[in-house]
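Have a look at this one before I ask anything.
To keep things simple, chains are lettered A, B, C and D as they appear, and every chain counts its residues starting from 1.
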Amino acid sequence: MTTTTTTSGVRVIRDYDRPLWRRILINREFAIIGLLVLVVIVSAVSIRGFAQPITVNYLLLDVAPILLIALPMTLVMITGEIDLSVGSMVGLASVVTGVLTESGAPFEVAALAALAVGVIGGAFNGFLVTVVGLPSLAVTIGTLALFRGLAVGLLGTTAVTDFPEMWTALAKAKIAGTTIPYIVIPFLILLAIFVVVLHFTPFGRGIYAIGLSKDAARFSGVNVERTKFILFMLSGVVAAFAGIFYTLRFGSARGDNATGLELQVIAAVVLGGVSVFGGRGHLHGVVAAVLLIGVLGSGLRLAGVTSDVINIITGGLLIFSVVAASILAWAQRIRAKAGPPLRVAASPAP
Amino acid sequence: DTGSGSGDAGSGEGGGSDNLSITFLPKNLGNPYFDTSSEGGKKAVEEFGGTFAEVGPAEATPDAQVSYINTATQQAVGALVVSANDPKAICDALNEARDAGVKVVTFDSDTNPECRDLFINQADSEGIAKVQIDQIAEQIGGAGEIAVLSASANATNQNAWIELMKEYVASDYPDITIVETVYGDDEDQTSFDKTAALLQSHPQLKGIVSPTTVGIAAAARYLSTSDYKGKVALTGLGTPNQMREYVEDGTVTSFALWNPADLGYLSAFAAKALVEGDITGKEGDTFEAGDLGEYEVGADGVVLLGDPFVFNADNIGDFDF
Amino acid sequence: MVDEAPARSAPPTALELHRVVKSFGPVIALRSGSLTLQSRSIHALIGENGAGKSTLVKIMAGLYRRDSGDFRLHGEDVDFTSTAQSKAAGIAVIYQEPTLFPDLSVTENIFMGRQPTGALGRIDRKAMRTEVDQIFRRLGVALDPDRITEGLSIADQQIIEIAKAISLDASVLIMDEPTAALSGVEVDRLFAVARSLRDEGRAILFISHRFDEVFDLCDTVTVMRDGAYIDTTPIAETTVDDLVRQMVGRDVTELFPKQAAEIGEPLLEVRGLTSPGIFHDISFTVRAGEIVALAGLVGAGRSEVARAVFGVDGYREGEVRMLGAGVPRRNPTAAMRNGLALVPEDRRKQGLVIDASVGGNITLAIRRNLAKWGLITTGMENRAAKIWASRLEVKTHALDTVAATLSGGNQQKVVLAKWLATDPRVLIIDEPTRGIDVGTKSEVHRLLSQLAGEGMGILMISSELPEVLGMADRVLVMREGRITAELDREDATSENVMFAATHASEQHA
Amino acid sequence: MSTTALAAPAPAFAKKPGGIGRARELGIFAALVLVVVAATVKNPNFLFSADGWRDLLLTPSILVLVAVGQAIVIITRNVDLSVGSVMGLTAFLTGRLFIDVPGIPIPIVVIAAVIFGALLGLVNGALVAFAKVPAMVITLGTLYAYRGINVLWTGSDQVHPSDLPKDFLRLGTQQILTIPVLSIVAIIVLALAAWYMRNTRGGREYYAIGSDPGAAELYGLKTTRRVLSAFVLSGALAGLAGVFYVTRYGSVSSQVGSGWELDAVGAAVIGGIAITGGVGSVWGAAIGAMLLMTINRALPILGIPDFWQRAVVGVLIIGAIVLDRLLAVRQKRQLIEARDES
């Protein structure tokens, strides 16, 4: 597959520049997964209370909303856009579920309505970004305030805590014989769908093309607007789903649920190797990064490290994850004693 | 049996274990009120020879608290002393902790009664509502418009007090009207700006009640720098160190609070009594709380610290917290 | 043959490169580049796409650092680590691809980083303006110096690049294909300026794929092939054929190999297309087997018509039909489904996803057809891409090579491959051979001819008159957004086309 | 003769580059005036009382400083999400200095805080400029890290107004000719920044770098140094904002400035700074900041219930940028269609 053969004078072009193992070893995702494994092993050995089955349960329940929302966020960010409104959408969906349940609607209906709100909210973002042509960072700073405002406005001081036992129990239930929560099942289904869509469909090829060059994508018949619109809608609806889960897990619908979640999601997505400029990144890296942040937090808390130090470590990791490549390149250059790197590639917007 | 109780009892059973590792989980870290209560708790724990720890989120949200409750469960601490950010949201996590043998004491802000063993109440809610309304009424002469500057919209205790204040005003001070309740989210700056907005949108306002230490300090700061100083009364719940300046410059005549250090101190002793099996949280149980003396568990597993204390220019110099 | 550049007698040597080597990872861009520029002389550098011309330029500019070899400026060894250093040393460079700040005004673009300043470091806008007016007058440019450069045509951008380089007042002026996007009048003015700069005693390096320009302007010519110096000769002592042989290493056959093709049914019909301010009432037909050229002045709106027909842009009135069926507006996917393909004007921004792999680029437009059960894998893409990359002889290391690292000509081949892979009935091709070397150019022309012969309809936009006259069965001429003439192959002489392209504008102005 | 290609002078169609930009700032300014007028009509105290007038000028000053720094960073096609955390740290430093060094002169404290802020900005800038990595990631990282350091440092040592010198606290409300001192400082900073950005080589290079970083490299501009300086500036201004915060609010917890990053970016974007760099002015950002803060204060006056205020702010942010965009699009279309008449 990677040989250069010459048959009857026609040059056959190789598929890949580097052998498979080198392509795997030098990629970002590999490093994150490796780090995750390392942190798990070190924590299990050195932190008392970490190596017990219940840890898995707590960990997964904690990171579930981030895991869920990170899926569409990855796609959105690969197109070079961003959705800062997801945390507020979690809150809004939570409130919608709560308000409707309280007013007597069956929980199932309330949850469907919340999902519908997610679709509408996402479509609203999508509309402003694609049809009106506004930068998504600005738009979603606006809807971050708007959705949160609606959530707080709808529910005021109250918190709805009356949800059907069956559903709240399900949100925390463990899969028989394990400590793995059920939420993992919808997550895995969504993950499978997103992986296929992003990495194995023409639509996914379009997503990468848009992120690397919007113009070239459009000239190649990629429907840039529709693609982005769909992704924002997906982002909205998955955030709403996470909101319903959130509500059930805590049994409490509040206007301020999941405040600030957006930055956690984005931090994880970026750590997972998705470029904020778009065009680059893979879902397995993102999933590993969410878990890495979760495991680090859980381990450090167990070790008695306070939240401030955990924040410092999270921030440091994020910085290191992007700077590491530069340091490596720099070290290599020193060794090779070559000139400065190429300085032509223009980088697009932040 | 002291000192070594740091938690070797990995699978601590309920009842008379001697696992005296006690973890305080306030609403958030970096809040002076809870810093003081945790100090009281620490003092108590050191007195009876347990291990003290304070953990907590940076921001006062229930989901972040749940992670810390879970951690405590994994660590199998002896007791967890919590001020709840939400009465319901942290319930399941607390119950799970209790199932794993952790004793749960809430203080300052309660959860639903079925999720904890004891609630250490700083003062009964009626008393808290009453003392604040009585003071503002006295300061504004028993008639006029007042407003409330609260913490976050979902703060359990604040909401309960505000309800009771409204009832008390309606029944005892018919000439006073509560025109608005605003929420400063227990942030300096938000509380500050909300105060300014209150004063502008209600030109007839005679007084502000802020049943939260962050809120009252911010409101006092705004008032002290504005034309309303001395014209609009302010009272509520505050700590003497935060309010000293404003009592001395005349912005604030009086405000109330219990001693948060005592609250933490009592909570720690209650936790100890639970851990050692001296009490179970039944009504009528009694336990010894070091310097504070003996306390009795009331209905619903509530222990009352005492009456709120009113600070004014005459006595504020005696306190340092 | 691969030896030192012979030292010229009379004028002093301004700049000298000797056996310069530069590689990018596994790619050796320059194996042994040598070049000697004399003051008071215009020196041509020619070579196939990918021969290493631009790389040599970038080394002189301080943008790249050479791996080895000598670099002397006015007799002294130099080693630039940044473009600022080369600029300070008196080297002005016009890069192959215009590099302007789209949000800044034309004037600011020309003076960025070296604006005249007054007290407190305040920029002296008036002085700046005066100088711009001067340069523009010299170049005969009627461009508003205060407008932002966003949205300017490549030609206008190139003019700004030229103005920028001239205003630097450098002793060495390097121009990497400055004329690729220009036509007639601008080229003539540029040449006049270049000659006067030469006469002032400067050394000028001129890179171009157009031999007539080389012979018209230059005094000496250096040929490169495969990253190595081949030969330097005075222009008077060589011929096009000699140069071509040196460049390609073989003889190149006829440049415009137009085959006679059977003209068939109408494929693409455009009726009354109008977009206010851009083009008006555009109607034409492209038939099977026919090559229709769309000629006109720079800025006539030809590219805009192409974009509207293909659905990248909208239009207000009119219709586009393929094989009798209406093509919806503003929908490139539908246009592709109807058998249209567009090779756009700006290959780096529009033609290619420049940071994606060669394989990904070639299969981007056919990704839906490649998919089985809606799914697509890299393997499937590579198989398809390999076919087209080999057919067009794209020179690349591997299919996962990033397209940005290919030379301009090879990039153009990738774009062609991408669109031929869609098996279109009508191919719209905007400036098909801009920046392409003779060898490849004749290949592209042969390919277009062959495609027409197979029954494809081709709409070719070109600013090169010989190309238009050599290739087209029919010529449409546009002026200021309108079609002013439709000429059959027999009637299409350079005079007729020029007349239609300029005639009314003289009345207007 | 072979290649006689076609040519004509390039079309000259005149459009003032500043035209659209200035219109943008005017639009936002009009919105600001509208908000003030509406609130004043509803309640004259909003403008015509001593406190109302003072607060109108005073409240936005802090965000104006942060937004000016943010604007410069965004103009270079970067973003600084750490400004809130930088502000928090410098605010606490300010408090600590007064507590730990009794009698320390106020100017020394101000300078120390500004330098400290600049150093924190330098860390951001160095990471972004030297490692050539996306600013959003770096500053998201320092957003967390700086805040963590702040919480760690503060511990339970909050700063209370009683810890601070009276003179310093008075600065927070002092007025000269009814204009608050803090507003005057903010306006001076703003005017200097605006002048620098418009009239000097350095200022124009910020725009150039943001407009096309690749081209800036080809031009031989000192990209690294410029990007670095933009972050240092943003840090220094956030540092000054931290001092302002302390004089204005008196107490410092470990959460000072949390969430301000979104306000600052929001202000810049509302004020017409393109998030993709190269476009906009610091004036716009400052007006955006004033609009945001003033809306916040005007809503209660206008009788919008507390809970709905955030929703209204959201609608207004979106409204402002949508309107801005529609105007720009219309202007561009008119420009194109105007060619027909020419």
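Following the convention adopted for this analysis, a contact is a pair of C-beta atoms (placed from the backbone, for glycine too) under 8 Å apart; a residue touches a chain by one contact, two chains touch by 3 or more.
Given the structure is predicted, the values throughout are model-derived calculations rather than measurements.
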Remotest chain, subunit C as reference, centres from CA atoms: B
Chain pair with the higher count of C-beta pairs in contact (B-D, A-D): A-D
Cα-centroid distance, subunit A relative to subunit D, in whole angstrom: 29
Rounded Å distance between subunit B and subunit C, as computed from the means of their C-alpha atoms: 74
Averaged-CA centre spacing for the pair subunit D and subunit B, given as whole angstrom: 37
Rounded Å distance, subunit A centre to subunit C centre (Cα mean): 41
Multi-partner residues of subunit A (at least 2 other chains): 152, 156, 255, 306-308, 311, 343-345
Residues of subunit D engaged with two or more neighbouring chains: 147, 151, 212, 214-215, 217-218, 254, 274, 277, 307
Two or more partner chains touched - positions in subunit C: 63
Every chain pair meeting the contact rule: A-B, A-C, A-D, B-D, C-D
Residue ranges of subunit A in contact with subunit D within the complex: 84, 128, 132-135, 137-139, 141-150, 152-153, 156, 255, 263, 266-267, 270, 275-277, 306-319, 321-323, 325-327, 343-350
Subunit A partner contacts - residues on subunit B that touch it in the complex: 29, 53, 55-59, 61-64, 66-68, 70-71, 73-76, 86-92, 152-154, 159
Subunit D - residues contacting subunit B, complex: 43, 45-46, 49-52, 55, 59, 147, 151, 154-156, 158, 160-162, 172-173, 245, 248-256, 258, 296-297, 299-301, 303, 306-307
Sites on subunit C touched by subunit D in the complex: 61-63, 82-87, 95, 99-105, 108, 112-115, 117, 120-123, 140-144, 146-148, 153, 155-156, 159, 182-188, 210-213, 276-278, 280, 295-299, 463-466, 494, 497-498, 501-502, 505
Subunit B residues within the subunit D interface of the complex: 29-32, 35-36, 38-39, 58-59, 153, 180-183, 187-189, 192-194, 196-201, 203, 214, 217-218, 221, 225-228, 241-242, 244-246
